[in-house]
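Notes follow the structure.
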């Protein structure tokens, strides 16, 4: 008889894993994880081993009843899994670096989610996801897949549109980050804030904010605007980096990623400078990761190190644990996930994937109804959704012309000749990870 | 400083009230009701007094910190109320009796919710609700109104379409009753069943049933069909009174009220016989109520008497307490309420009131997304929704021609001449409660 | 090289055919019909021969360059056809008689289109239509099929939902009849009236009426109401048989068939009396047809006889000629047809068949946008549409349980036990024409 | 008694007017124009006089029964008008020059319709349109307003959303130009081509092309791609300036204006070079106009000069005459206009203005149903529609912050700081024409 849950984490060697492990340990009273399988590929073996050892120390420290397994054999791990989380990064940070630096050469923002960089991340990731799903169909057909591999929304669009697999949820920490920023700003407990989110991954909007049942949306905008007033872009960065005038007209809470589409020039200058100085995000993250892994390898360490939060993935793995917990325990709480819209937000078709406040039960996520996005952002979101759908199609079909069109139509590109040159260089750079285009 | 909730119950003299009081007592740890105001009209004073005394004994028995107030002055009660529940019955059971007996004379089902009877109940009720809302706008503008006065959906349609008041929820016990019947049938704890409900009040459908995250919809239909197999209509009545073939084709869980539209002839024969024998539902309920109030008046009684459940309103007041509790405590659980659709069910417009599974937070109910109703019932539900909208319009405007049209188009009537005769007799019978038509 | 059109008329022995032939003759300047193939089955051979001879005399009289062919071999006829019209009646008038008389025994209206009678007509007709389409796919894949076999909307729903054939149009004369009645009533040339029609076959509504660009909708309703004022149902029959109050509340122009759903009792009394007296519509038509065919057989007759208009199909065949003419000549005029909604009327889904004002070009019909039906009729139309969809499903699948459900949910039935008895008797009565149910 | 039509042309001194006059003369058999009132403002008096004299000579030459009136008094002209056309240009070509040159300084395309230039054209134009409508409400409440003042779609959005005036049609020649290009390319008579257009003004798409009822969409794309194959952007310009790969992926016929969003860089380089060389479009047009007016002033000229077609407005005024003719004569032909969507194109809400194939009758335009735009362009169109709606709002309310947001969100801008600088310079440059922002 089954006595606990089997969790499989694909990309187990990720620097995020300690938060995930901590998350399961924290919840051990209510979430009976018995086996955690960390899976990675040959190239990630060294990191996987470090993480595995750390995980074992963390478990041992609190005497938790969780077996830690480590394997390069994904299929062995998936057998009878209850939940599968994915946090792998095809081509690792070197690939991300290319996603950022190559577009910058063309005067274009790479933008890991919705821009050219995100597009190539999707083209590399989707074929692997499809393979994982084929394995799951055979080995663990009742498992839920919680995917926080970016671009979380685009990947979910591809999986839910082109495979028959329904138990797939795309997850991102940015709504949680936004709520925490609002809480800090308003000096309110984020647990007592409820924000109605809708939109797309990295293009999500807090349409209304409630505190103890009161609609405090206007106060939040006002506070955010007042806080940012008179500050430069850099000074605003710790909240949400928008001017008071912009926030007032927007009239809802933006994702921090909106800056790529409304502050494009300043973002581009940053990106170009970072590329020149060898400090693009991938490079920064790489250095942080090196330090983190040095840290993780310390045999004395048996807790999640504080430094991990600096990594930018704060709340990420915790969000995954929380989602698993709500599904397993049928909590019926509201979390923000990437799932089929089905009428939740009137700006999208029923069969399109959106990032939306959803009630999470044992049956999975169900969007709650939030109405239509305001004109201020509906158009941009629809633009990105079209881009996502064409990218998903190109990724599945391995059709280079469709990929070129998707890149051309991206609001950060908008020029076919430029797109073509950029596409070719990115394709070539990522060739080993794009088998569907090089058949 | 405020230290507890003020609840106002309009129609406080109702036989349902002891369940409501019991509900508040049961929840006293988490729901700090400090004042319960029972409001009624002069004609209901005797019952109100009996209920008030019983309520005081019930509270005293458990030493609960709830003040019981009793008044005929609604405005005094409403001042600074936190929650207002309505369970009044304009014209009391005598009016209901007319709603049932008069149509039967014409060979037509009265049908308290969606039929001619329900229509006249709405015509009598809506003007009173509008008055209450005017009072609330002045005296307790932040209060939630939880209305379980029938027809719950039609009344909500009128309030939400024709007044600016948003914090209004129509409530019915029938989804809860259905879940309990399924639980009993399947030998499963109803608390562990989740049923996706959508449709209209008394025309609501359980589209999917989940038990511990598994979709057991088919098993439920099969079990229901097997249980009903070979039984007569009367023998089937304790579950849901439909034949196996019907249930299999319907392929979702019907409301018991569906029988008026799919078993019309047998229902009509019953109704006519009941009318002749003086045992129409109103008369039965009247007798039960007389016994109940005799019981309530017993100074030794200080709990909710068992007999109340027989009354047909089991779970009714408890549903109201549960809803108040979830709003006050921001529980975020899923309850079935009558509220604006807003995309929840694709068969209805965003601005139409539906009865639908909704997540209940401090902000009120929010429908979850359930997709489209099946063809088997979408058409009938849309038919009834049109009837509801025209009836609401007639009730607000006091337009007799619109009322005639609404009655004619009702699927239980469908004949203008008949509708006209019936309308005139019902109008005259209820004249004192229909001031908007006799200006 | 092709020098003219080949038209195939399935059910060529129909009494309507002379109007069709006259229609082609009238249009010979612009519509170059070179071959008209009249197709029928063995049982209809006698009538077919009479029609064929009459057709030849009509053609000869005006020296038209149209070859008349007559055959029992449908496949021979269909080869390379340009247009196929269907006006066959499976089981002929004897079957219709059963559709009318059997329901009347149960106290139910047969109602040839939307009621039980119409349902059985659909169950008999749809398999034959599917066969014809299979033949057309092979023999004349570019042909348009213009079907005026009733129930025109339900048949079109079945064909367009369950086959891949797109060039299929359901056609009914009732919108034309309505426009002529309005014209007569208002003393205006019907050709100068434009009425926006939307709804379903035999449940179609004139939402707005324009005369020379002026919206005269209100005047039309007023005139109709004034004309009908003080008249009995029978006296109103030559216009549209509704009372002034009804018309004012309806606020759009109803189809005459609406009476079955808003004047049900009077219609039922008529039907029962007609059944008893042997003068149900099928019997009346049968007598008219006998006279007509006696007439048609007269070797001296070489024009369409006046008596045909009495038959109730006035404008029917002319509508078909007109539709063919507009397609062939790319006229782009507006005609009312049964076709996919595609956004034309907001009350229906894009993939549902509606009867709607459409612009007719060489590409076929395209609905024009008319917005939403009023609440007065939207619900009923949606109810009937659900009935149509289930009936089409039952007809295609030969599923008796689905047929029973469809019959039960019909607003003229609403009782399962009654529906079951009625279904069984009708099934048995039409058994030879329902092979899909007796496999 | 009225014996002919009174037409008022606001902006009568436009160089387009001779085509309009020719259009009326050509149609004199069917379109009984009796009075043509050319209205302009003081600043345009010289041109108005030249046009008036030419118009009189043109009319005299063919002995047409059309009175030519010329006035600076708009209200005098509007009295009892049947049709009002607008072709005025607030601030004339000098303003357009600023719309083009100022953005170019910021590295941004001005883009007269959907870009910053178009936005300022709308901000200048909409207040004047509102004034005209106020006059029409008083002086000619039954008149149709045919507006070909750019941006035609955005202006229509403002009028139809913010005024009660319904008889307003925005008109653009680009669909006609596209059809002519296809005709030339395919060597087919454009009159025999039918293209289903949908989208927005200057962002319209030919979804399907039919020739004699055959869907030749694929052949058109193939022919266009083959023609453009191997050509440079400049060489492709006489057809539609897109590459074969782009056209194949787009899979519908694009507007030439799409190049601003898919060929942005090349367009921007052109714009910057033109600005530097003093040959931006406004300057080119200005020179053409000077030559045209020199020409028009020639007392010997009494026909529309050939040179006018070079102006870029070919088919423009003819489209207006054709629209007037179809309304007046109730032709029911299909023309492409800017009007309320009402279900015509599934990518837009019912109450949004779209540019769409519509059947034109005496009642005005009615969209035909074309379904959903493909993903390739739906997102961009929705993006621009949001921009249009915010711009219309800013224009009506005179709200500078909303204007800033609209400019920032435009896909050609996407940067708030840049938008702010650009907005300020454009506001200042156009100050005299933006009274609503300088109250």
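Order of writing sets the labels: A, B, C and D. Residues in every chain begin at 1.
By definition in this document, contacts are C-beta pairs under 8 Å (C-beta built on N, C-alpha and C of every residue); 3 or more make two chains touch, one makes a residue touch a chain.
Just so it is clear, the model here is predicted, and its values are computed rather than measured.
Note on connectivity: the fewest chain-to-chain touch steps from chain B to chain D number 2.
Of all chains, B has its CA centroid at the greatest distance from the CA centroid of chain D.
For the pair chain C and chain D, the distance between C-alpha centroids works out to 44 Å.
Annotation for chain B: no residues touch two or more other chains. Under the contact rule defined at the top, the touching pairs of chains are A-B, A-D, B-C, C-D. The touching residues of chain D, when paired with chain C in their complex, are 194, 210, 212-213, 215, 327, 330, 332-334, 341-346, 350, 359, 361-363, 366-371.
Listed in rising order, the residues of chain C touching chain B in the complex are 242-243, 245-246, 248-250, 261-266, 375-380, 382-387, 389-390, 401-402, 404-405, 408-409, 411-412, 414-418.
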